[in-house]
Amino acid sequence: MSNNKRITLQQAAEIIKNGSTLTFSGFTIWRRPMAIIYELIRQQRTGLHLIEVNGGSHTEFLVGAGCVGIWESCWVGHELYGKYGANLSRKVGSKEIIVEDYSHAEMMFRFAAGAAGAPYAATQSSLGTDLHNPEYDMLGRAGLRDGKRIPRHKYVFTEDPFYDAGSLVLVPAAKVDIAVICVQQVGEEGTVRVNGQYYSDPEAVRTADITIVMAEEIVPEEYLRRNADQNTIAGFEVNHILECPFGAHPTGMFGRYDVDGAFLKDFYGRTRSQEGFDDFAREWIHGHDQMSYLEKLGWPRMLGLKANTALNYSSRTKKGGK
Amino acid sequence: MSDYALPEEYGLADLLCCAASREVQENEIVFAGTGLPMVAIMLAQKTHAPNLKLIFEAGTLDGRPPELPTSVGDARCEMGASRSSGLYDAFSIAQRGYVDLGFLGGAEVDQYGNVNTTCIGDYLNPELRLTGSGGNPDINSFAGRTVFIMVHEKRRFVENVSYITSPGWRVKKWPGGEFVHRRELYGAAFRGGPSAVISTAGVFRFDEESGLMYLDTCHPGKNPEEIRGMCRFDLDISRVKGETEVPTREELRIIHEVLDPDGIFIPRVNKA
Amino acid sequence: MSNNKRITLQQAAEIIKNGSTLTFSGFTIWRRPMAIIYELIRQQRTGLHLIEVNGGSHTEFLVGAGCVGIWESCWVGHELYGKYGANLSRKVGSKEIIVEDYSHAEMMFRFAAGAAGAPYAATQSSLGTDLHNPEYDMLGRAGLRDGKRIPRHKYVFTEDPFYDAGSLVLVPAAKVDIAVICVQQVGEEGTVRVNGQYYSDPEAVRTADITIVMAEEIVPEEYLRRNADQNTIAGFEVNHILECPFGAHPTGMFGRYDVDGAFLKDFYGRTRSQEGFDDFAREWIHGHDQMSYLEKLGWPRMLGLKANTALNYSSRTKKGGK
Amino acid sequence: MSDYALPEEYGLADLLCCAASREVQENEIVFAGTGLPMVAIMLAQKTHAPNLKLIFEAGTLDGRPPELPTSVGDARCEMGASRSSGLYDAFSIAQRGYVDLGFLGGAEVDQYGNVNTTCIGDYLNPELRLTGSGGNPDINSFAGRTVFIMVHEKRRFVENVSYITSPGWRVKKWPGGEFVHRRELYGAAFRGGPSAVISTAGVFRFDEESGLMYLDTCHPGKNPEEIRGMCRFDLDISRVKGETEVPTREELRIIHEVLDPDGIFIPRVNKA
């Protein structure tokens, strides 16, 4: 692994190929690597296979733009700013996308198993639900269970041999080509410090063969190494780094900026139809680069989102009514 | 005596919020989602359950948000928390059995308390794809009790949901899919199940042996027969205790002055 | 769970009954709850069942004193200060103790599974070794596999159904009655902040039904909650707390004091025989309480061990030659 | 040309340390135990492999200890580290396949590289119980290569160890216990195995197909026949390359002036 890990936003997107299996940092509408998502849309990537602990606004952007072929996860929406994933919903209806449903804990345990190098995890979650209905094995129905990125079974049903705990399901480890992570700080050698909840980022990184970290700031490695017990991901787990301030916008970042709720509401409201999505993408993505995107947003908007240093969130953000 | 509010002083959201709040017991560990459930939990914290502990799915343990978060990933969740971590911690804690109570929602519920948040219509050819499960089945699988808060429409209270996202008292045993009692399937992980559905019409509970839903209380202005008519299954109304306890003025003050002053989750009544 | 969690050293030891299943914080000769170990010896506890990710000096004290009936772990010794566990070795030879051997990673995965509420973990570690020899299932041979604290099988052999990874072993979750944890700081409501490596402490706590935390200092809860992302264990996971400065001596504590190598060497050298152990215990344990123990050690010795604030270890400790 | 030291300028521990150091390649991720292996790794870091990364079993990732730690739990391990965490992280990283090289020790080794650190004699009636496995089998299971450093005595180089603590090239397949090639048993987790045993007599390697140990180099002053006589199995000496490369003066300077000035792990020679 090279010691010069810096790449550009464009290079980051180029590492991700048509058909790549991907996962991301963050949680629903927080710390999503939006600047790279936009660049993937500009580069017209297709056939992506997303495996996510949970989806969010970034999923809706990629799905709406036609980049995604398979989505394995448990949830998509914009929280308070858009109750469900209208783009995913539309493409499920038209069968333009394969959706494989697991529960949230099952997805998390799939990533934990993958991160630990184990082939699966045993859990008692979601027993008795249609998540486990063998008819609803969508990747199996599509004949895609090759035992590589896609495991040979969606679930295996078994019993606990050790403590008579009863029924269990085995959930297959998550295995992905590339993890794209968006955080507050990364050191020059790749050490990551996440402030606040780290969600499922450490596991996302370890399930991946290649990790790209986009940070608000690249800091001297030595600064982070003074307090190793406050760091989240070791440098040797990271292949590429880039600095991209406000790179998570319109999603939020603990201690830096809030979710841009108005932006997400606008996206949700306008992208129920494909025409609406295309129009939104023409306005905010195509023909832009990250700097012109930020310029279009304008400083007053971004200052309103900026987190109060003592609180770690903005005291000026209008959360917006129902 | 509690200082109950008059009908014109509160709205339906207030009633639901207070009913939900009363499901929380002191010292409990509560797995919290955002929106109305969080207002209800924080209301309990400021009234009868000051030592309840909140767990947020995104990884915050015993957070004390000073204002309402917009999602469990929100920085607001983490203020004053005992530990900020990640989802693996949150779900491990849940599976390990620390959680007493979870608050959840759903698009459809059936007579056994099975809930659907995945799709309307046939899963393979859905009329409408919804958000998906999120942590709904997980919290429900692992908590001692779960409370569902739902809009009451006849199409939402059905004999069998079109997709069981979250397990009720009688669930499907795979690979065959025959219905069995939850206790039978969950084995050592059995800790309880849905303990209440709070709808916009009334409060419903479950017979833990038969697994069937029954009407517990009617919201003011509703009667049992009317509520039975709002279900697509034969709702048991033989055990009705009376009317749902209404909000107190103190509860309303906390909701609208302290917890949700902007009326984001719970609008102020405007019955002038 | 009560909000007043404070107890005394004596009460802490009293919570642990004859026959209790126990685990501890720390790693070999670091952050072991020695003050409580000493108190257990004074209270003459018997038949303890230790399940440990790894053993160390504290194990040797408990085993030497005859407190332990079953030891499930992977390693015991004093690192540089005593190459193996002479007390355990003696009692294995005389069959006064049942030892169940797993590998280090297997023990860690057993605790991770228990902490996650899963009945087992699947791993590919240690395949082909005598750890997996069915003849060497010592708890099975003793007829103790009741499926409660002791699982029905030592291992289960299986294959990966998802990715054709090949042979696996399933290792049973660890389940213990009481975790005894020794850390730098605990808040009044039980929030724990570990500085430096946290070893397997978070998992130890979650596998236990009751957790006792002994800390160098009890600090205002509010102080720890200002930076929740630096805390290690949530308050609701902790049942009892006590403050006990230098409570880990002669083991070390990151940022506070080093291992007392001379003390451990003396212990190792003198406790090869039971008479030697009894003599050592008469000198350092029986008839003492924690304060008289510290007084006997004396201040000059403890100042020599005190960690340099910038380095987190003592720059004056003599590590001692071979 | 390297400035090799003369025989009187180094001791056996120096030779072992330098031989071990040469097993490390630049940019590798190395799972490190304490003692002589750590001196060897740090020597490699200060000579030909400045970008190697150390992982310590207790949870420190890419630590840069300024002085030799007494154990991997030591605060010294954590100085300048990329991340301090715990054992679950360390072993997860190992099982996930990040580790290129591990350094280990043992009381006995057999012709297939199986190593014993558990007991001398019958496990059920041991002559001497040792420390137990520690992370020896785990590191050895998961790393691309492992190097064992051992005292060479005839009773330690045996046909079959009395207890396989750590897996060599041919291991036992349970529950039957028949010997099979490691590759067959480890499946997708197969990444290699013992690549060298550095004893006080010579350096030994393994034929990866037959799984058998062979003599690679003799330490100065030893000859192949003599070393074969120091083993209880028929050691292959047909592939001997010559003499073990001796320390350079620069290596000795680093060992004794920088890494272990107090001679805790590697005594200074005193051949005056």
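So that you can tell them apart, the chains are marked A, B, C and D in the order they are listed, and the count of residues begins at 1 in each.
Basically, contacts are C-beta pairs under 8 Å (C-beta built on N, C-alpha and C of every residue); 3 or more make two chains touch, one makes a residue touch a chain.
Model, not experiment: these values are computed from the prediction.
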{"item": "Set of chains whose contacts include both chain D and chain A", "value": "C"}
{"item": "Taking each chain's C-alpha mean as its centre, the one farthest from chain D", "value": "B"}
{"item": "A-B or B-C - the one linked by more C-beta pairs in contact", "value": "A-B"}
{"item": "Centre-of-Cα separation between chain C and chain B, whole angstrom", "value": "41"}
{"item": "Geometric centre distance via CA averages, chain B-chain A, whole Å", "value": "28"}
{"item": "Between chain B and chain D, centroid-to-centroid distance (C-alpha), Å", "value": "58"}
{"item": "For chain C, residues that touch 2 or more chains besides their own", "value": "109, 112, 116-118, 123-124, 160, 163-165, 196-198, 229"}
{"item": "Per-residue overlap in chain D, given as positions that touch at least 2 other chains", "value": "60, 78, 84-85, 88, 91, 94-95, 142, 188-189"}
{"item": "Topology of the chain contact graph, where touching chains are joined (line, ring, star, complete, other)", "value": "other"}
{"item": "Listing of all chain pairs that touch each other, if any do", "value": "A-B, A-C, A-D, B-C, C-D"}
{"item": "For the chain D and chain A complex, residues of the former touching the latter", "value": "27, 29, 51, 53, 60-64, 78, 80-85, 88, 91-98, 142, 188-189"}
{"item": "Chain C residues within the chain A interface of the complex", "value": "109, 112-113, 116-124, 147-148, 151-153, 156, 160-165, 168, 170, 172-173, 175, 194-198, 229-230"}
{"item": "Residue ranges of chain C in contact with chain B within the complex", "value": "1, 3, 115-118, 187, 189-191, 206, 222, 224-225, 228-229, 231-237"}
{"item": "Chain A-facing residues of chain B, complex", "value": "34-35, 57-60, 68, 70-79, 84-88, 91, 94-95, 114, 118-119, 123-124, 126, 128-138, 141-142, 163-167, 171-175, 177, 180, 182, 185-189, 262-265, 267"}
{"item": "Residues on chain C engaged by chain D in the complex (per definition of touch)", "value": "26-31, 53-55, 73-77, 79-81, 83-85, 88-89, 92-93, 99, 101-106, 108-109, 111-112, 123-136, 157, 160, 163-167, 196-203, 252, 254-255, 258-259, 261, 307, 311-313, 319-322"}
